[in-house]
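Heads up, there are several structures right after this.
Next come two complexes, and both contain subunit A; in the first it sits with subunit B, in the second with subunit C.
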Partner chain A sequence: MQENNKKLMHGYDVVLQACHDADVQSMFGYPITPTCEILSGWMASGKKCLQTEDEIAAGFAVCGAVLAGEKSFTASSGPGHILLQDSFSMAEAMRLPAVLIIGQRGGPSSGTVIYSQQEVILACFGGNGEGLRLVYSPSSLDELYLLTRQAFNDAWQYRFPAVVLTDGYMLKTRQAVDLSVYKDLENIPAHTLVQEGKIVHWPNIYTLEEELNDELSRAKEDFDKVGEEIAKAEIYNTDEAEYLIIAHGIVGSVAKMAVDQLREQNIKVGLFRPVTLRPFPKKQLDNLFVKNNVKKIVVVESSFGQLARLVRDHLAPEIDVSFEYLQKPGLGIEVEEVIEAVGYMT
Partner chain B sequence: MILKILLAGDGGQGIQLISDLLTQASFANGFFVSQIPNYGLEQRGGVSLSFLIISDKEISYPKFTKPDILLVMSEQARKRMDRYQNADIRMQIDDYFEKLEDQKIEKSSYNIFFLGLIAKLLEEKNILQTEQVYGLLEKKLSKKPNWEGNKNAFKLGIAD
Partner chain C sequence: MQENLAKFCPGCGYPITLMMMNKTLEKLGLQKQAVLGLDIGCALLAWNYLPINTFQTHHGRVVPTMMGFKRARNNSVCFALVGDGGAYAIGLQSLIHAAKRDEPITVIVTNNTVYGMTGGQTAPTTLHGQITPTSPEGNIEEPFFGPELLKDIVKPGAFLARTAVNEVKQLQDYLEKAIQTQQAGHFSLVEVLSFCPTNWKTVGVDTINKLNGLKETFKLGEIEF
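Take a look at the complex of A and B:
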């Protein structure tokens, strides 16, 4: 049974609590399901907020706020997420600590309003740039809280824009959670990026191609260095694993339940769940093949292979393993389906 | 103990409201709960679902394929619920139409009748007391139009 200090909270309340605890000062946004309650909840808190005319304006307002030294964020989904790529590409180019909460919904276009995992590539690489941004994928309400806190900290510490990539199932679900256990988490404070009275030339436009190339090379070097510190995965029950399920976000928690039940049937299966999608926890994945004799990777996701693309891109080319996929774009995945799919392969 | 309840009806019938009250009452009694809505773009008229799990252990995934209790409040919802033939207890509005009409329960209170019915079931399973649910209902709706009708619908539900 639950203990006394648990509270009944929606996913969006968890995000809001994380933003308040991270000492976030402002939000700019345009309402879209399933992230409306983040905007309305922030407004109700009385903190600085503006509902802009669209997501383009919201994203640039966040860029402006962080340039002025304010911890700021926006929240969106689907078509709004697309419009945010313009400002987010600028945040990437200028190394601005903008934070974006994404509740994935089904697409293309307006699609469905609650759930999918179809915004993975968009979140990771959706701009005219190189995808030098941090993308986190929480699998539970506790992790949604922790990664939202971390997104602000990492953005301000390493100066890359950060995306908390979740979905409407997570944001609209209501569960018993106890966030009081995280009360000692520390914040990286916001700071003024340009001193008052100083004139700084800080471009996101370059007249020379060489200049842009130099700038990008520097940023990439930083990104790779940061990656070693923050790339993270949950590795579960992989001892002697012959089959490795790879899943992220809420599907990751489903896959974990499936692993438990499959192990009870003596099927040697484990889970690799990337917690950060950008930077991808490549080393942790490659290392699993040093000790184990994994025969098959099974990528499970609510999309036609967006996570699978990331996995295949990052897995060291000399690793010899075959792939299977369980793909249900726009649909939730149930434990029984994962068990059946893996059971069938064995 | 884990109990999975799937509530299905048309948008506007009050599916999310009754799910909300059942969640609150179960949580107040120390159970882990998970509640997740599912609906389309429509504000009204589309199918509205609520997946509700009540358990004495922590819950990690809010959806499921096999409900223990399934409520179907409309024809449109019935079609969507065809894949859940496996429910242990299935409540269909068609089976109660006569009774609801006899007792002059208004359409807008049908959900409250089923709230009573399910609360009674959960009371039998020692999850909550029907008075708790009634208390929450009173708090939510007693200042709103047709409270008498809703009150009667709830009483009829728990008496069924």
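Take a look at the complex of A and C:
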């Protein structure tokens, strides 16, 4: 008989397990719904943990810890995510492997406390920079685990800050998951960026415009290379697709179910679900138009078009396709709604 | 002793503080373990000045950054070099909590009563009546006394003091005590009254007189608590 390694776990426990398995040493955080359980859970684990005075301090403490060579992270949401852009901007400039777990909540302002997909642009392009950070959007608890592991690995391997962009529904969901299948996943070890006996003089502010431009150009070149390696999407049922649903995160899971049911009605519809939002899986998206005769893209999301903006930005300009949108900022989206929206269009 | 030429304005007090810090580290044999975090403000100009590990952070954010560093590597000797605006205005929340938690880092605050890098605007330490670009009629507020504020917050074993760049013996003494305090596992802060002839618009002896005048408002010495 096959061994059953399934465990009933909350999303936040999955995150904690992933951080533990990634050999993370410390967390700095400030309580905010829906990510409090990550902070209290890490505190309870007995590992290094500090509840700071605000998210600003949490983010900069993570930067300090990674400079000293420690795998470290914070978790936050909404207004806290805004404050974290201060430190994340520094992490982007100095290419610090800081990791941030975001449980999106409704916005703007304090909004609502559990769910939305309105922090996409903030996660990808927050700060006064160019968005040279890695952003992952998991659609299931398994993927939440995998992408959290990957966030630490990619951050330390490629030296870009990384964001696991999830939401409160996912973090508070409880499901049976089997994480034992990932036991052979390897960790990229942390390395010391500022070490004894090897002097660094490390600026993040430049006297000359040319110096900054050089630095950024190098970083952009690296980021584009990393994109070739890690940009990822789930492409589902796109054979002969005339309609292409694009959705991410848990809305991506919903859209996948909708695709199955629509196909049963002989509607030629497929799904493109970006797993990495930064770097965006541009090539994978463009390639779908080589093989298929897609007439319409339907972007489905719990925001007024933040994902749609990424899609339109990245889709090759010569691709001739029309767009439709199902946008419900701050609201969950049901399978039936996606079916109805696409069915109506056809 | 210095690695590169100073980028500070002629007559600035920062190089004195930095040289004394480095001298003290040399004396204690701690240069290798030393890590100098710089706030943004004139402190940032020290980024390649001394033969010790140095990096820049953000305005008001050097204290939490060095706290994170120190917590990750507790055998390091961590300095947060910051101006009066970074320490007592935009970064005050972090400073108070670092002091309260007794974070074993050494904060060195340069008090020259103005925001030097941005052109001499009113700082938390600006004197009552002092004219600045953002207090053209004279500052209506009383100045801010950082070490005195922290004395009711810190834990036993911490070290708080104020000195001046033209009191080099005392400066070195306090820096040494601050480092020893950090190594004993406690929070330390040394406020250093410093010259800013560029924004004070003073030359020669007037700069020194102005600094000495500040000592009447900002009392030098160790803060008892």
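Here is the rule we go by: the second predicted complex is superposed on the first by the 343 of 346 C-alpha atoms of A that agree within 3 Å, B and C clash if a C-alpha of one lies under 4 Å from a C-alpha of the other, contacts with A are read in each partner's own complex, and residues count from 1 in each chain.
Keep this in mind: a residue touches a chain if its C-beta (ideal position, glycine included) is under 8 Å from a C-beta of that chain, and two chains touch if they have at least 3 such contacts.
All of these numbers come straight from a predicted model, not from anything done at the bench.
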item	value
Clash or fit, subunit B versus subunit C on superposed subunit A	fit
Subunit A residues touched - subunit C or subunit B, whichever exceeds	C
First, second, both or neither for A:Asp286, with subunit B first and subunit C second	neither
Touched partner set for A:Cys63, first subunit B, second subunit C, both or neither	second
Contacts of A:Glu215 with subunit B and subunit C, given as first, second, both or neither	neither
Inter-chain angle, subunit B to subunit C through the CA centre of subunit A, in degrees rounded to a multiple of 10	110
Touching partner for A:Glu130 - first (subunit B), second (subunit C), both, neither	neither
Partner chain in contact with A:Glu196 - subunit B first, subunit C second, else both or neither	second
Touching partner for A:Lys172 - first (subunit B), second (subunit C), both, neither	first
After fitting on chain A: smallest Cα gap, subunit B-subunit C, Å	26
Common ground on subunit A, meaning residues reached by subunit C in one complex and by subunit B in the other	none
Parts of subunit C lying in touch with subunit A, wherever the complex brings them together	3-4, 32-33, 35, 37, 40, 44, 47-48, 51-58, 61, 64-73, 76, 93-94, 96-97
Partner subunit B, residues of subunit A touching it in the complex	1-2, 8, 110, 112-114, 140, 169, 172-176, 250, 253-254, 256-257, 332, 334-337
Complex interface listing, subunit A residues touching subunit C	25-26, 28, 48, 50, 52-54, 56-58, 60-70, 72, 86-87, 89-90, 94, 194-197, 199-205
Complex contact set, residues of subunit B against subunit A	23-24, 27, 30-41, 56, 58-65
